[in-house]
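Scrolling down, you'll hit the structures one after another.
Both of the next two complexes hold chain A, though its partner changes from chain B to chain C.
Let's turn to the complex of A and B:
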């Protein structure tokens, strides 16, 4: 794994997620721009991999619907955003 | 992923739906009508820069600087 740093991985997820959102908005009005669509698809795949990687290393990113949880339910584990010390 | 399907779909629709179905600006703009120039995707900021700047598209990056904005002034 390239990312041992939790914050760096979160930041990378934010960056890729923002770029996919931007391309989403562009594609709403330019649905046949294949170049933009190719980049959107690449970034979407990258985003999914990054989120799965985060999930595996540090626990769930979302409270429900994205990934199953080990026992006991891992969502309630800290740190919460206001307890960040990593 | 099926590139074949994409090509077929393009062939089917290309007659009336090109990559840019709308011109950048109308050839003959009408008076008293407002137009928004149609964006064309040419380049993107590096992803970390895009997040900082709040847009992926260099052509849309236009931070507000009060002293530069005077009536009638072209940037």
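Let's turn to the complex of A and C:
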């Protein structure tokens, strides 16, 4: 997979997760807004699928068992978010 | 428990090397109104906040602030990574180099180390949430100062994103404060 494909998928994850984070904060103070909650659950499913796709193609996105890994353990592979190649 | 995601909350694309800006950015890393102060403030206040809405909000915003610490640190790291000693010195980062080479350190733009004296906790939810709202406004104005100091598009994009988050957090803390005040009113014990 090419570098820009990884970047594009990552960007998509960042966008969807930004929406779920924003809805999460909103729902913290508006827990009975059902429309927001429906949107939150829909985006949460979408986010899960995107993350699974990322894990399979580019290695684990999350640590501690939240992302499976191929052999050898791919979690230790860069680029890390602070590195320029990221 | 926290889980790490191997990604930034928002992309950081630094297009030109600007060490002067790296020094200024330190204020949002380990300065009084910086992201580290914010994360520790909220994650520490949540234990004694009484309402369920505010417990969730302090946990979630505190967690988001940790992602902002990472964005600021990434910007500083990338700006200083390839710089020569002479360049670091010329940008006022010579004293940092003397102490720790190119290592990052939670300090403000003048090198003053981060201290817990920047934050407070009172267990009084009205006092705590007012502090949190003030902190978001102070961080917003610092981001506006930083935006005045750079014309790099990548830098501006990241700073604008972080500035906007302060505005959203202020709004949410204001709502949590209203809920806390209603809760206190319903209990009527002082």
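The rule we apply is simple: the second predicted complex is superposed on the first by the 76 of 86 C-alpha atoms of A that agree within 3 Å, B and C clash if a C-alpha of one lies under 4 Å from a C-alpha of the other, contacts with A are read in each partner's own complex, and residues count from 1 in each chain.
One rule holds in what follows: a residue touches a chain if its C-beta (ideal position, glycine included) is under 8 Å from a C-beta of that chain, and two chains touch if they have at least 3 such contacts.
Here the structure is a predicted model, which is why all the values come from computation and not from measurement.
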item: Partner chain in contact with A:24 - chain B first, chain C second, else both or neither; value: second
item: Contacts of A:68 with chain B and chain C, given as first, second, both or neither; value: neither
item: Contacts of A:14 with chain B and chain C, given as first, second, both or neither; value: both
item: Dominant contact partner of chain A by residue count, chain C or chain B; value: C
item: Touched partner set for A:39, first chain B, second chain C, both or neither; value: first
item: Set intersection of chain A contacts, chain C complex versus chain B complex; value: 14, 18, 22, 26, 29-30
item: Residue numbers on chain A that touch chain C, as the complex places them; value: 10-11, 13-14, 17-18, 21-22, 24-26, 28-31, 60-64, 66, 75, 80-82, 84, 86
item: Chain C residues within the chain A interface of the complex; value: 3-11, 53, 56-57, 60-61, 64, 70, 73-74, 77-78, 81, 168-169, 172, 175-176, 179
item: In the complex, chain A residues that touch chain B; value: 14-16, 18-19, 22-23, 26, 29-30, 32-36, 39, 41
item: Interface residues, chain B side, partner chain A - complex; value: 1, 6, 10, 13, 17-21, 39, 41, 44, 47-48, 50-51, 55-57
